[in-house]
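Labels for the chains are A, B, C and D, by order of writing; each one numbers its residues from 1.
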Amino acid sequence: MQEMMIAKARELLKSGAVQRVLGWKAGEFAYDVEPAVFESAQELEKSFVYNDFCGSNLSKYLIAQSRKEGKTLVFLKPCDTYSFSQLLAEHRIVRENVYAIGIPCQGKTDGETLKGKGFTGILSAQCEGDTFTVHTLYGDKTAARADVLPERCLNCKSKKHMIYDELLGEDGEVLDSHRFDMVEKLEKMTPDERFAFWRGELSRCIRCNACRNVCPACTCEKCVFDNDASGIAQKAAADSFEENMFHIIRAFHVAGRCTDCGECSRVCPQNIPLHLLNRKFIKDINELYGAYQAGEDPDAKSPLTDYTMNDAEPGIVYHRGGNQ
Amino acid sequence: MQRIGVFVCWCGSNIAATVDVAAVSDTLKNEPGVVFSTNYQYMCSESGQNILKDAIRDYQLTGVVICSCSPRMHEATFRKAAAAAGLNPYMVEIANIREQCSWIHKDKAAGTEKAIILGRAAIAKVHLNAPLTAGESPVTKRALVIGGGIAGIQTALDIAEAGFEVDIVEKQPTIGGKMTQLDKTFPTLDCAACILTPKMVDCAQNENISIYAYSEVEEVKGFVGNFHVKIRKKARYVDTTKCTGCGLCTEKCPVKKVSNEFNLGLDNRRAVYIPFAQAVPKVATIDADHCNMLKSGKCGLCAKVCTAGAIDYKQKDEIIDREYGAIVVATGYQPIALDKYDEFAYSQSKDVVTSLEFERLTNAAGPTGGTLLRPSDGTHPHTLVFVQCVGSRCEDDGRGKSYCSKICCMYTAKHAMLVREKYPDTEVYVFYIDVRTPGKNFDEFYRRAVEEYGVHYIKGMVGKVAPRADGKLMVQACDLLANEQLHIEADMVILAAAIEPDPSARHLATMLTASMDTNDFFTEAHPKLRPVESPTAGIFLSGVCQGPKDIPETVSQASAAAAKAIGLLAKNKLTCNPCVAHSDEWMCNGCSACEKVCPYGAITYMDKEFRMPDRTTAIRRVASVNPAVCQGCGACTVACPSGAMDLDGFSNSQIMAEVDAICKMK
Amino acid sequence: MKQLSLEKLNDLFALIGQTEALYLPVDDAAGQAAYRRWQPGYTLSKALNTVRSAKDFFFPQTENLVDFKMQGKSIEVIDPRTEQENFVLFGVRACDARSFSILDKVFLADPVDTYYQSRREHGTIVTLACTRPEETCFCTVFGIDPAEPAGDVSCWIEENTLFMKANTPKGDALLTLAAPLLSEGGDDAVAAQQAATRSVLARLPLAKLSLDGMGGESMLKLFDSDKWAELSQACIGCGTCTFVCPTCQCYDIKDFNTGDGVRRFRCWDSCMYSDFTRMAHGNPRLTQRERFRQRFMHKLVYFPANNHGEYGCVGCGRCLSKCPVSMNIVKVAKALEGEVK
Amino acid sequence: MQNEMTTFKPKIVAFCCNWCSYAGADLAGTNRLTYPADVKIIRVPCSCRVNPMFILRAFQRGADGVIICGCHPGDCHYTTGNYYARRRMTLLFSMLDFLGIEKERTRVEWVSAAEGAKFAATMNDFVATVTKLGENKRLEDLRCKK
């Protein structure tokens, strides 16, 4: 696939159809692949990669890239196309300046996930079939592919590309995932248990803003939390309240817009399962207002800018979900 | 820092009995920014207002807090008084310590404490108040009526009578609408044409009315008082200024088999045609889809016979730009398509007709000259079966409509009665779910059909209509009251098809940013209290476009809409509510969330060039609020995640300052 | 050198914990190491290092500076500081231990930051030698020997024994406190472990990272390098690298309205943020490229230029594993290497 | 003897829309229908003006309960405002519940201008509910406490 992508990118650059290529660049080790812009065939050949570590969602970079002169070629995995589509619906990307190529994805892992599975001193890693071989300072180790995939890939919602100009490889299907299982599990806990769970998680937050800055739904020119005039600006959580506030409001602001790409949880240095907050909103919306996935249908009205006269009353919260 | 004055009203003993007013004014005197604090028996009295005015001048107050009765009571009074003393009226805030404090709390300590907190909240808010000025916008003194049916005609006539210019845009070649196709009208049975056509002529002759027939609204921009509308005047290929309406062309045209839409396809017309004798404007129209000359360049007969030289094969659509102060929507309705109702054999048998087709079959100007004949063989029918509620009150998997079409009960009674009167040898059956006849003289009318004219009303639905080889229609039905199955050999079956909004309405609503319900009927600003206005300012609703209604109701609503439009046009300027939303362009990212929740279409987007901090320029899509259209609900402010959208008078920081003051530790 | 059987490690913790606050790395809910105040039942994490660095104890993420209490129109100024208690930081790695000396250069230089100073004075640092460095480690580049960590007390864990060595009077005091549990000996075992560790260190992929040419001499050349545009293009402007960094020391001072007064506090800031160094006209660094450049110029050029060649980096590798887009100081240093040759 | 110092008096913030609920509150006053002084009303143009930020802010600053009152669905002065408010608040409350924060501390009630009695009854009930829950501990900001 990587070779096909490089060939395609080289061809489009050469013909002048695109001026630059948004893809992934190899790093020092196997896993530290970084998003990058390539402007020449030499650059592509030198460092363009597409492998099991290309997890980062490139769609948000298009906000800036699509405002540059000429066209940008971007490679989008199925879940990235949801974000791309949603950003288009929100007028954040200049569509005519983007040439989107859909590429297949079998799930992406990352260095943190490998380390979490006990691989330390990673020097390089290869995947053959379903087996990952990791060379480390302390010897070679192997693992089954499924064992080193992060949660978002194990519960992948779709292998289908929502939008593209061209497709490399086969398109997949929307999957019947179990992505709401953990939300459901939490809903079944008592409020005290849930409170304890979330305090345990959110109290680790260092307010580095990685979740927000990587999020393709967070595209405000200036975030309310950075804006002293908003009255709720905070640079650090000076009290546990501010940890809650930041994450509740952030989840609320992306409710109905979150494509569940999982980048927030991937980048969290403290491994806080932030995607659960967004998924809770998605699940609630599905249950209360009908199935809806942001990024799926650009013409569908987002549930929070829509209503029906017979919507559930807020009091429904008192009756549903969770033990007392 | 503001210089704030606090004025605590006793309201006689209304407040003073349960709130220690002196303690309130003394405590609030110590709040930051407060430079003056007093209490007085009746702040709303003239001497009370003078205390306020004097203090504003003597202490150079920049903000005022009145602790008194509800702002719904005297906010306007105090704002006026402040303005008289030279203070911007929007620098006045009221702490409601009567209705929401002294009157509900018996304990004086608790009441006093709460009054102080409410006062603090008002002070906290005033600290963040900014002077607001109500904007003004001019009013173009001309109205646009979209749709030239009876609703549009009535509205236009009323507006014109009041002395304002009004344009009617009608997509058909003639105005008149559905009513021109009707025979008689209930409950008086006067002939539709006799009462309608004089009004059509009035329209044509009224100096204030311009009729754009065979035209459609192409684009609507602007806002209340200042709409800019593009009207597409479709090419008729006939110069309307020359055409005399003599009709010679329509007799000579060789293309004879064009289905005549005016008679609902029950007969044919030529490729050049005048819909009916009383059409307004009475000019010919060439149907480009069927005209040989326009299709192949071979013919030109009409041009040859036209003595006025009115035929112009090179005519093009014309775009007319007009400005309006008010727009009245009167787009009307159409009967639903019955092709999904196979059980009634509508598509299989010519003798199964809709009620509107039946109108044409009994109309003296219709295809049969007013004699009721079976469409299939031209014989006189002896047994007629009317089926009510075809598609009404039953969504039926999307075939029909959930609502009652409202007019069917009455026109079916009319049809049945007229048939029985003219042809006493016929048997007439009416199948119904309910007979609904509220309205002046309506029930009497229906009872006459049953009691005097011997129409057989049967409660129950027709299950199936089966055409037989001998031309009869076998009607299977049940009589729910007698609880028996019925089999009727009918000659004709007439279906009371549900009515639905004209299909053009949805596109129009989008252009007007007027809201619609799920059935595509226009939504009114308030279902009870503002029934002829759209929530979008300057857009009014006339006739069935807002919901099913009969002619008397349509006409009264049309006049009501006219009255509302006249009220608007009579103003020279519109004063805007200054408490409106505004968008901070530097923070707006143009995502459109605010636009989607705005009920008034007050938010538009523009691409604006910004000089960025790094000295580059960037073009960004940003929202902009039209203060003349915004009503200040604030829906957009919450939809906006960045807080770029805020509401003057109720800003995020003002409300949070109130929250802080209320929740603060003592 | 003192020694203690690992079986008695909890007894040691209990002993220290009795008299002073003891903090040590334990595994958190997400399976990563974090410093926690010791309490019975806690066990020392086996992770190489904590996600957050040990600088938190001297330079916490938020710290109250002064309170203003308002009553009507009067304002009272209150110093919120209570007496600083003594505390022990156990299990600090060599890299973090070095970071304190870098922070000292900033906070203890005139004018002395008394908030920081007070914490430094009351903290005893017990370091722990590394035995299994990771691929992201490059402390040796800065002359740090993770097999011989600094601190008030240095420790080694080999097999089932903890070896301890006091380096300072504070360290002596701690070992005196712990004396009832300790016995003498263990130099050989420690030396053997050090040799083994050092052989791994030599094999580290980043061991040969060159910082030649960094520092003040080529400041303008580096500043003007066109590499910055490419290096910074993926940067999302978050504060992850800054906040996990043991040497980043920038902070912002904020006022919080408590309802009846103002609490003035400081909190970590990041030069990667668009509202960092906000002056009347805004942030002088207009684009992410400039903000990104600032961070690495500071660590690799400005700081050594002002501090006798000492870099503002200790090679702990946290930013290498935590950056959301896998950009880091090593990639920057390697890219700039060509610029100064 | 009941010690006044130990009796918990909750702080309740009530956001009332200008057109229906604020008028309903006025009517409660006009009819002298009592409810505890713990309730303090903030006037907003419409229930759709209530930003989740305001609700969290209230809890941060020491509120023990927050109630939002608006026109009955279908009767909004602005036609659609309360429909949006209804969705927003439903989702917000559900999220608070998801985080284990007592859901009974937040409420939405539709009160028309004619429903003074309903306003007073609603406030009495809400104050009783919050009083039973006690002090807000899960969304408090210690800096705002004495």
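The criterion applied here is as follows: a contact is a pair of C-beta atoms (placed from the backbone, for glycine too) under 8 Å apart; a residue touches a chain by one contact, two chains touch by 3 or more.
Predicted model, so just to flag it, every value in this text is computed and none were measured.
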Central subunit by CA centre of mass proxy: A
Chain pair showing more contacts of the two, C-D and A-D: A-D
Inter-centroid spacing, chain D versus chain C (mean Cα positions, whole Å): 46
Centre-to-centre distance between chain D and chain A (centres being mean Cα positions), rounded to whole Å: 36
Rounded Å distance, chain B centre to chain C centre (Cα mean): 67
Chain A and chain B: spacing of chain centres that average the CA atoms, whole Å: 44
For chain A, residues contacting two or more additional chains: 224, 231, 238, 304-306
Residues of chain C touching at least two other chains: 256, 259
Sequence positions of chain D contacting 2 or more other chains: 52-53, 57, 61-62, 74, 80, 84, 88, 143-144
Chain contact graph, described as a line, ring, star, complete graph or other shape: complete
Partner chain A, residues of chain C touching it in the complex: 28-32, 34, 48, 51-52, 61-62, 132-136, 200, 203-206, 230, 233-234, 236-240, 242-244, 252, 254, 256, 265, 267-270, 273-275, 320-322, 324-328, 330-331, 334
Chain B - residues contacting chain C, complex: 30-32, 612-615, 660, 663-665
Residue ranges of chain C touching chain B (in the complex, touch as defined): 70, 72-73, 257, 259-260, 282-283, 286-287
Residues on chain B engaged by chain A in the complex (per definition of touch): 586-593, 596-597, 605, 618-619, 621, 639, 641-644, 652-653, 656
Chain D to chain A touching residues, read off their complex: 52-53, 56-57, 59-60, 73-74, 80, 83-84, 86-104, 106-108, 138-143
